[in-house]
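See the structures that follow.
You will see two complexes here that share chain A, one where it goes with chain B and one where it goes with chain C.
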Partner chain A sequence: MRSGYFTALAVAVLLGSGMLVFAKPPAGSGSITGKVTYTGTPPKMKPIDMSKEPSCAKQHATPVMTQNVTTGPGNALQWVVVYISAGDEGSSAPSQGARYDQKGCEYLPHVLPMQVAQQLQIYNDDQTSHNIHPLSKTNPEWNKSQPPGSPPIDTKYDKAEFIPVKCNIHPWMHGYFAVLNTSHYAVSGEDGSFDIKGLPPGKYTVTAWQEQYPAQSQEVTISGSEAKTANFVFKVLPY
Partner chain B sequence: MGKFFAIVLTVITLVSASIFAMHIWWMPVDISVHGPALDKQFGETLMGTGFGFLVAQLSLAYFLWKFADKGDGRKVREFPGGPKVTIITAVVLVGLEILALSFVGQKAWASVNLDPAPPNAMHIDVQAEQFAFYFRYAGPDGQFGAVHPEKISDGNGNYFGLDPENDIPARDDIVVGSLTIPVNQPILLTIHSKDVGHSFYVRELRIQQDFVPGIVIPVHFTATQTGKFEIVCTQLCGLGHYNMKAYLEVLPQDQFDQWLKAQAGQ
Partner chain C sequence: MTLKKLAVTFALGSMALVTVGATSVLAQSHVNSPDPSLGAPSVSSAESHIGNMTGHAGEGKQLYRRYCIGCHGPDGNGEGMNAQWIDPKPRDFTEATFKCRSTPTGTLPTDQDLYDAITRGFVTTNMPAWKPLTPQQRADLVAFVKTWSPRWTKGKAGAPLDIPAETPITIESILHGRELFQRLECWKCHGPEGHGDGPSAITLTDDKGNPIRPYDFSSGSRFMCGTTNRDLYRIFMTGLDGSPMPSFADVVKPNEAWDLVHFLRTLQPLKTQEADLWMAYRAAHGADLKPIGPDAAPGGQ
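Right, the complex of A and B next:
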């Protein structure tokens, strides 16, 4: 009786985990981690004056700064998209959508990575109207108004592109959509680190993209479930 | 019916005149040196036109009352000479009135719009764009950097299109989203637009000036009171026009100096 129960349980667990494995696209267990840093003197980020939009200004105890070159301790460089630009077999877009927020008259996150054909939901969490305007060149260009309380905008992009995003109402609002052909990507954090997981064995080109400076690439070969390291250094200028 | 209209007309005339006479919905406080002359001119114009308004409306009411149709079948009589003479008289009268007002008012207007700013005026550069105002101070070197429209980048906070890499005076330029000025100091604004027509309107300063794309327009004034006032765009400029505003902060000289120093250090 008891052993029968355990057998059933074991079968259920096995089946369940098996389904998990098969539901996912062919995923490996190799990884590429690293750190994005800079050399040189970065430009000073500027405080943003939101006083004309009090409902946004009051959400920030200290002024929001421009984010085009966001640095951290140890010469870390944030908001760099690191992705597999060649060698990836490609996979269909995840069912989970990417979420972009307009909050406190800022775009959150500043750089949003997503996959081609992945659903993108854009929310207005503010008590003021926004008019989001992604300046796409390869994909069709559009802009849409969202008064407070509007439902999210539901959209997607069909071609890979780095798209600057601006608000037609609040000139200081700026962000980026990174529409990628791969599902293997990461954005460098405050400490400049990134972590690309789930890579099957193979020979890859890893590219690091930053909004202001030229992108750079490295070749990385993964065999088995190797954990490789790749660091990127951007040369920055004070102006 | 004629008598009823006469009464309604009299009531409307007296109520609307007393709204002005009692200063209900009156103008906000004036904080500018040139403002009193404008306000005086405005007052005189209002008295003149108000007097004309009262005389015209009340005599209309009087005639309505006196010559209301009594239902006795009398024929309508015309003014001698017909409507032509009446129209010509009206046009000449109104023309004379407008001419007289322009003549009397031009001095107040010219002091704001035609006279150059005093030589000691503090120069602040202003850029309007959909849908915000940006203000630029020369910084510690007292010199403005050159403007390169192709370098304008809102994402980098480079609203004016400065080129600090190659242009040294541009490096210390201070660019902010609010207009902060010292009290009792002549201010010269040079206003220009990045995109479409906008306007710079501060009720308390008695200044309203359009931004015209492609033209740099000088505006000068001296604020006589400290405080915080609203700058609004009064030229329909697009989707976010209703939201296009900034603040004018007038500070005592020492506080202004501190503020400017803090900005320069950033």
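Right, the complex of A and C next:
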């Protein structure tokens, strides 16, 4: 009799803790801001020759540069995704979709963050055909043609992954989808700064991801509506 | 006393958890296992269904070790002993990405698709047609190949593309297909004359970064995924996943797709109804045809 009671109690405790995990996270007002910088000599970004695609070339007064290591004044490092990789209790995808543009034979933005299961709309704003080919490994890989004037491609990803995106027709086009398990993320701007808002109190692992260099993490604890600072420094190489 | 019972309950509970954990580790270890003789029960119970035939992964595993392992490797990742000498590289089954499918891009192929691939082989690659194997053996191999990726246990194959009856082969259809070849910019890779020498051709790589060539229509060789007009229709509508060839299913209507098929046939040095019509038309109106390529206005003539 008694053992039965305790088994029931144990099951109830397990279920209860399980429910806590999936409960809706409280909206918070803590924040983590900071700056992403580099040490060392970064590789020189190269001008892209778009002469094979005149309709795109004529949209750029000065040549578009490669973007794999985009730097700014004060050793700023742009296009770094800073996100909560642990400690976040998760949240459902926002109703607003993420928008990715192909314009002037470039991907805008170069790195597009989004949440798992968030709608993603891909537009072709050019007068030329693109084929959009996200090279996912964890998620199924697809590859679709999108001629000028086609409706946007509407899709989503079910698993967290950093996905390189390319166009096989225009081999200089490179971008990334950052599919994240959290709603708390930011991408570093031209000055390397980022701002993650709306964090409830908690102990977090903050990860900075850059497409060419190994990712880095820091532990940050937020109590109340604290504004914490976390800076990331990437060691770069000139090649 | 009661405390003791509580402890026992928790101990039993945690043991159960450990067992569950160990089972899932075992199940996963199969996928990366260097030794294909190490098989989880799920391997031998996996099945494939082709028509009335049922393939069994347990049998397929033995056949794989004999016939496939040299190229596709003991881990199913395409890194067998022979792989370094082979171009294009053998398929990596752990990614579950396949070129020849009847299903939409990004979805798993049907068992029949995989069976057809084994039966047909891949022309211009090292993958032969496995006709010496019995149909049952090929079905068994399909069942085993599907054990290399967890995608097969979690998801189902995509819905095969619906291919309507072929439209009549007419010069209007061919001319419209030619317009599509220009507008959809097929020539960027396949070349204005279909020689596989378009401006982007030289830059193409597959999803592993290995160089890959677009199909050269003037070679007259068989298509990789079949030989008929229906196969050709299916190839460009579903795309060849893992390669630069995208799917056109969202941007080409079924009747237009047949027009494109009819035009593509004229690029091959083969005696076809399409080629005959095209030759006659070109002899009479060739001078009026705008050449395909960057100088033509978008949208063709």
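In this section, the second predicted complex is superposed on the first by the 214 of 239 C-alpha atoms of A that agree within 3 Å, B and C clash if a C-alpha of one lies under 4 Å from a C-alpha of the other, contacts with A are read in each partner's own complex, and residues count from 1 in each chain.
As a working rule, a contact is a pair of C-beta atoms (placed from the backbone, for glycine too) under 8 Å apart; a residue touches a chain by one contact, two chains touch by 3 or more.
A quick note: this is a predicted structure, and the numbers were derived from the prediction, not measured.
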| item | value |
| --- | --- |
| Chain C versus chain B on the shared chain A, clash or fit after superposition | clash |
| Partner chain in contact with A:153 - chain B first, chain C second, else both or neither | second |
| Contacts of A:239 with chain B and chain C, given as first, second, both or neither | first |
| Contacts of A:129 with chain B and chain C, given as first, second, both or neither | both |
| Which of chain B and chain C A:68 touches, first, second, both or neither | first |
| Chain B versus chain C as contact partner of A:52, first or second or both or neither | both |
| Touched partner set for A:168, first chain B, second chain C, both or neither | both |
| Which of chain B and chain C A:145 touches, first, second, both or neither | both |
| When the two complexes are fitted on chain A, the stretch of chain B hitting chain C, from 113-121, 203-211 or 239-247 | 239-247 |
| On chain A, the residue positions that both chain B and chain C contact, one per complex | 52, 128-129, 131, 145, 168-171 |
| Chain A partner contacts - residues on chain B that touch it in the complex | 129-132, 154-157, 159, 164-165, 171, 175-178, 239-240, 243-247, 266 |
| Footprint of chain C on chain A - complex, ascending | 2-3, 6-7, 10, 14, 52, 54-55, 127-129, 131-133, 135, 137, 140-148, 150, 153, 168-171 |
| Contacting residues of chain C [partner chain A, same complex] | 2, 5-6, 8-10, 13, 95-97, 104-108, 151, 183-185, 188-189, 199-200, 203-204, 207, 239, 241-248, 250-251, 294, 298 |
| Chain B-facing residues of chain A, complex | 43-53, 66, 68, 128-129, 131, 145, 164, 166, 168-172, 174, 211-212, 237, 239 |
